[in-house]
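Okay, got some structures for you below.
Look at the two complexes coming up: subunit A is in both, with subunit B in one and subunit C in the other.
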Partner chain A sequence: MMINNGLDTALAAIVILAICLLGSSRLGLIIKLFALQSLVVSAIPFLLGGDLGIHKIIIAAGTFLLKVVFIPSMLFWAVRHVSIRRDTPSLLGVSLSLLLAGFLVGLSFFLAAQFPLVKITFSDLLIPSAFSTLFIGFLLLISRNKAITQVVGYLVMENGIVLFGFLLLETTPLVVELGIFLDIFVGVFIMGIFINHIQNEFDHTDISQLTALKG
Partner chain B sequence: MVEVFPVILRFAVCVLFSPFILGVIGKTKAFFAGKQGPPLLQLYYDISKLIQKGSVYSRTTTWIFRAAPLVSWAAVLIASLLIPLGGLKAPLQFAGDVILFAYLLALARFFTILAAMDTGSSFEGMGASREAAFSCLSEAALFLNFATLVVLSKSISLSRMITECSWDSWVRLGPSFILIIVSYFIILLVENARIPIDDPATHLELTMIHEVMVLDHSGPDFAFILYAGAIKLFVLGGVLVTFLIPFQSRNVVLNTVILCAAMTGLALAIGVVESAMARLRLNRVPSFIIGSFVLALFGLIIALSRA
Partner chain C sequence: MIFMVMGLPLAAGGLVFILPRNGQRNGVLFWTALSHLLLVASFWIYPPHSALNGFFALDSFGIIILSIVSVLFFAVSLYVPAYLGNEEGRSNHVFTGCLLFLLFAMTVIALSRHLGLFWVAVEFTTLMSAPLINFHRRPQGLEATWKYLMIGSVGIALALLGTFFLAISAIQIKSLVLDEVLGQASLLSTPWLKLGVIFLAVGYGTKMGLVPMHSWKPDAYGEAPGPVGALLAGGLTNCAFLAFLRIYQICHAAGQTEFLRPILLTLGMLSIALAALSMLGQVDFNRLLAYSSIEHMGILILGLGLGGLGLYGSLFHSVNNAFSKGLIFLISGTLYQKYQSKRINHIHGVVRVFPWTGGLLIVALLAVTGIPPFGTFFSEWMILSAALTGRHYGIAFFYLVFLSVVFIALVEVFLRMARGVPPAALVERSAKDSWGTTIPPLLLAGLALLLGIYMPPFLDQALKQSSVLLGV
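Right after this comes the complex of A and B.
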């Protein structure tokens, strides 16, 4: 297997950005970090090597437009609209969730070693990074209180799935990826409306309080 | 057989040049603040002035309080013999010296902490407990970094670990190289009580860590503490710089010049970081150090998966 340093570094950067997301509590910073992570993800198809087909360009451009431009600006709009700036500290605490992230990274490398999916031709880091991003996104999703951070957690998970998708870039038809794009688009759109409605109804977006009776 | 001249030169650089690094950091910070700042040689003036003064000892202190500055100064100076500095080879190297290196630095810190507790002042005890808590975390991260180097270089001698994984081989080593550099830089800031963790410029503030422990030291004792701090920064920075210096010549003097220039560059980088960042809230510091721990862990995992 040839060593592709640009790709390896980009993959490591994606995981590091996910870990940074886990460690930050300012909503503006969280959205910016997510946009940066998506930017790196959208650059991955070009780093994979091989010929540059229309397929790769559409995936990269789609990821860029949707996750670097559209979704972050929508999340920024939501943050401005509900005028919150900080997430409350996660249920686990920052230190514990960072340590958990380290553990999950280790777990993903272990899992990836057991993964007889396809013969990997570009980098042995792709599957572990995909797993790590997926797990850390999930951790972000379950450990935070504010709806917006949970949306970002969902999107980070989705970035991990996209990394998996790159593994099969040559074999999956374009329609599947376009379908995924549409899914995220609609998902975030609905969540944006949800956040807005929660805010209008309860004057806050703290999900943990939704289980209590009003009044 | 080790040649004598390079060893003396190395030692001289370490002893004579290290206070200059702190001067460069101070100047950089002053530049960003739009101030004149203290002169580059300020620490030399401080040390020479403090040496000429007498020491004042509280009646509650014991010999530990008097020994601590000298012990920590000597410990970091011995630690400096274990690392290669740029092209200057380490005069002392054997398998497993990395453990000795880490624990010489720990010994220096241990005595500073003991001396702080020896004063019986609750204020210094508080600083000592903070220092102990944070150094536990940063030591774990430091060892993870070293473990990565051990895996990459397949050697447990510090000299080979550092020189085998230098700049020209990073293409081979890939992302773990970048990860350990970032992680190590954070450890460097933690160990030397620099800004995101501790502010060396504030005295008598309840949030400080390192400075509070040495409040009771005066005269020559305090000079040795300042000196030990400068040498510690030089030693830990030297490891990073040796890592990053892209080439080494065969000429010892030229190597020394390159080393000094690189150390000054590192000091500039630290100064920029200190100017750009605010000190972290005290309860965020452990998360910051654990972040560096996780980076090192990630680097180690990548290195292991490749090995």
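Right after this comes the complex of A and C.
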């Protein structure tokens, strides 16, 4: 059993914030919760222990700039532009989605136990919380109607994947990490543009009402 | 040379955003495509050295995929000026810019030897193709693009997760450069490798449009302009297929092909079956072609899963399919502009008004459905005989059944469109074929036919080397 108090607290906070996201429907709150979660994620490289190399600092700074500063301000701009405040609550209802989230967290611990690491380096909680964040992000993505919440769901998934990436800080070349940042940056930028187009064309951003294409 | 072939489209893509006139941008598009094609052709004679610590190199898979992409892009660059010329008064800087960036990303995919870098380039293609799909700015186009962006991004995020799992599996190798992973494959941790393979198959399968991750494809291809459809169905899907080839290579080196094969066979059969059934009674021409693309992706994956002769057949089919899909999507673009509709009911009498386009439509029908002497016939035949020699009689049976269903569905639709009386409006305008939209598909039709009657020795050799890489 590996115990690392700072890291464990941070990982628990990431999962709890993901669950809070599932329960909220005000778009402003959703974006703030996501920014807070990303802030905790960007702190993880410092909590892992070991040498504080230039690589870790770049990853942390990149995550901070991209997911705490740039993306939330972009999303806030989009919310103001399309002038909506609330997402309709989850298609599943709040209580059912929270129940599902609990089930997914349990599943994550089960999955993590099935796949032992060759060398356990950090906390035992890292892999289960990465799985949980990923699953809950996916649940958020598929259970909501508004384009902006769907983007946040995708980004929460991405946060879960980033946690897996932290296992590999030693081996991933910097150019690949920077490429991943670039893709997320361009991706959210393009999604923002399309939210804008959808708003101008349909006067709403409710994806569940876009059903012209069938068959 | 490797940096030149990647840098050229990147620089040209930046350049078109500065140039003030449409004509100049079309010029940049054409000259970039031509120089890219010549550079890639030179790689067949003088193989380039690897670059950046082995992150970029060209193996026999890479050169096949790169050549397909380059030839298709050349045809599209010839076609685009005439196509855009018919769209009155639109500035083409986003369109040509995104096309060039897409060429850049596809070139990086074909050349990259690092699986992380490979992923970055694949994600970049999704982002650059989204604005292209929405070119006509129809409301349905927005719906299609949003689906494409979200499903594509989530799928590709799962592929990143799979890449990370593979890296965790390779934690003792401390690298994801393909040559190092293949060289020390016995050090891979098996449970993490299997988990990684599943996520990679789901992720890149989404990109390729395999059932059940295909739901974006009919929408996106349905709304995409013809030349974009040609690049997506002919080029981009092959880039995703390259991902499957890499996964197969790694599984082969780690002695896990028996784990991978059932996954590939299932995905392949499901795609062929569902695509064939969805084609019956389809009313939209482009959506019909999208399902045809899903069917052919299924054939590729099936051939890979069968192994043996199937590997050669599958690689050969990826070349044939690229040219025949490029051909038919360019024709669909022309028809959309002439008839202002994609509904099959609205398009009739093509042969009478547009003899060249109509003739090419019939040629495309033969190429897409795999009628001899087109190359598609021979590659589909090889995959069938791989199923028979491997004693997969059930697969062989259903493969033939669904291919016949596809044949019936396509023949009925294509002949209905080609024959009959043209709409009065077109006859009154005395509309005619234009050379700009006829020559590029003619070029691709020629290639599709050529591969059926004459196999160039250099291609044969590259295909054989590739199947050796996959362990035949």
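Throughout what follows, the second predicted complex is superposed on the first by the 206 of 215 C-alpha atoms of A that agree within 3 Å, B and C clash if a C-alpha of one lies under 4 Å from a C-alpha of the other, contacts with A are read in each partner's own complex, and residues count from 1 in each chain.
Basically, a residue touches a chain if its C-beta (ideal position, glycine included) is under 8 Å from a C-beta of that chain, and two chains touch if they have at least 3 such contacts.
Everything numeric in this text was worked out from a predicted model, so none of it was measured.
Upon superposition of the two complexes on subunit A, no clash is found between subunit B and subunit C, which fit side by side.
Legend: residue contacts after superposition of the two complexes on their common chain; A:I19 is shown touching subunit B, with no touch to subunit C. Contacts of A:M157 after superposition: subunit C is touched, whereas subunit B is not reached. By the document's definition of touching, of the two partners only subunit B reaches A:D8; subunit C does not. Note on subunit A: of its two partners subunit C and subunit B, the one contacting more of its residues is C.
By the touch criterion stated above, A:Q114 is placed in contact with subunit C alone, subunit B being left untouched. After the superposition on chain A, the angle subunit B-subunit A-subunit C between C-alpha centres rounds to 150°, nearest 10.
In the superposition on chain A, no contact is made by A:L104 with either subunit B or subunit C. Nearest C-alpha atoms belonging to subunit B and subunit C sit 20 Å apart in the superposition, given in whole angstrom. On subunit A, the patch touched by subunit B and the patch touched by subunit C do not overlap at any residue. Contact residues on subunit A toward subunit C in their complex (touch as defined above): 114-119, 134, 138, 141, 147, 150, 154, 157-158, 161, 164-165, 167-168, 170-173, 175-176, 179-180, 182-183, 186-187, 190-191, 194, 197-198, 201-202, 207, 210-213, 215.
Across the complex, subunit A is touched by residues 171-172, 174-175, 178-179, 284, 286-287, 290-291, 293-295, 297-298, 301-302, 304-306 of subunit B. Put simply, subunit C touches subunit A in their complex at residues 55, 114, 116-117, 119-121, 123-124, 126-127, 130-131, 134, 139-140, 142-147, 149-150, 153-154, 157, 160-161, 164-165, 167-168, 170-172, 174-176, 189, 191-192, 195, 218-219, 222-223, 278, 282-284, 287. On the side of subunit A, the complex with subunit B involves touching residues 3, 5, 8-9, 11-12, 15-16, 19-20, 23, 94-95, 98-99, 101-102, 105-106, 109, 113, 124-125, 128.
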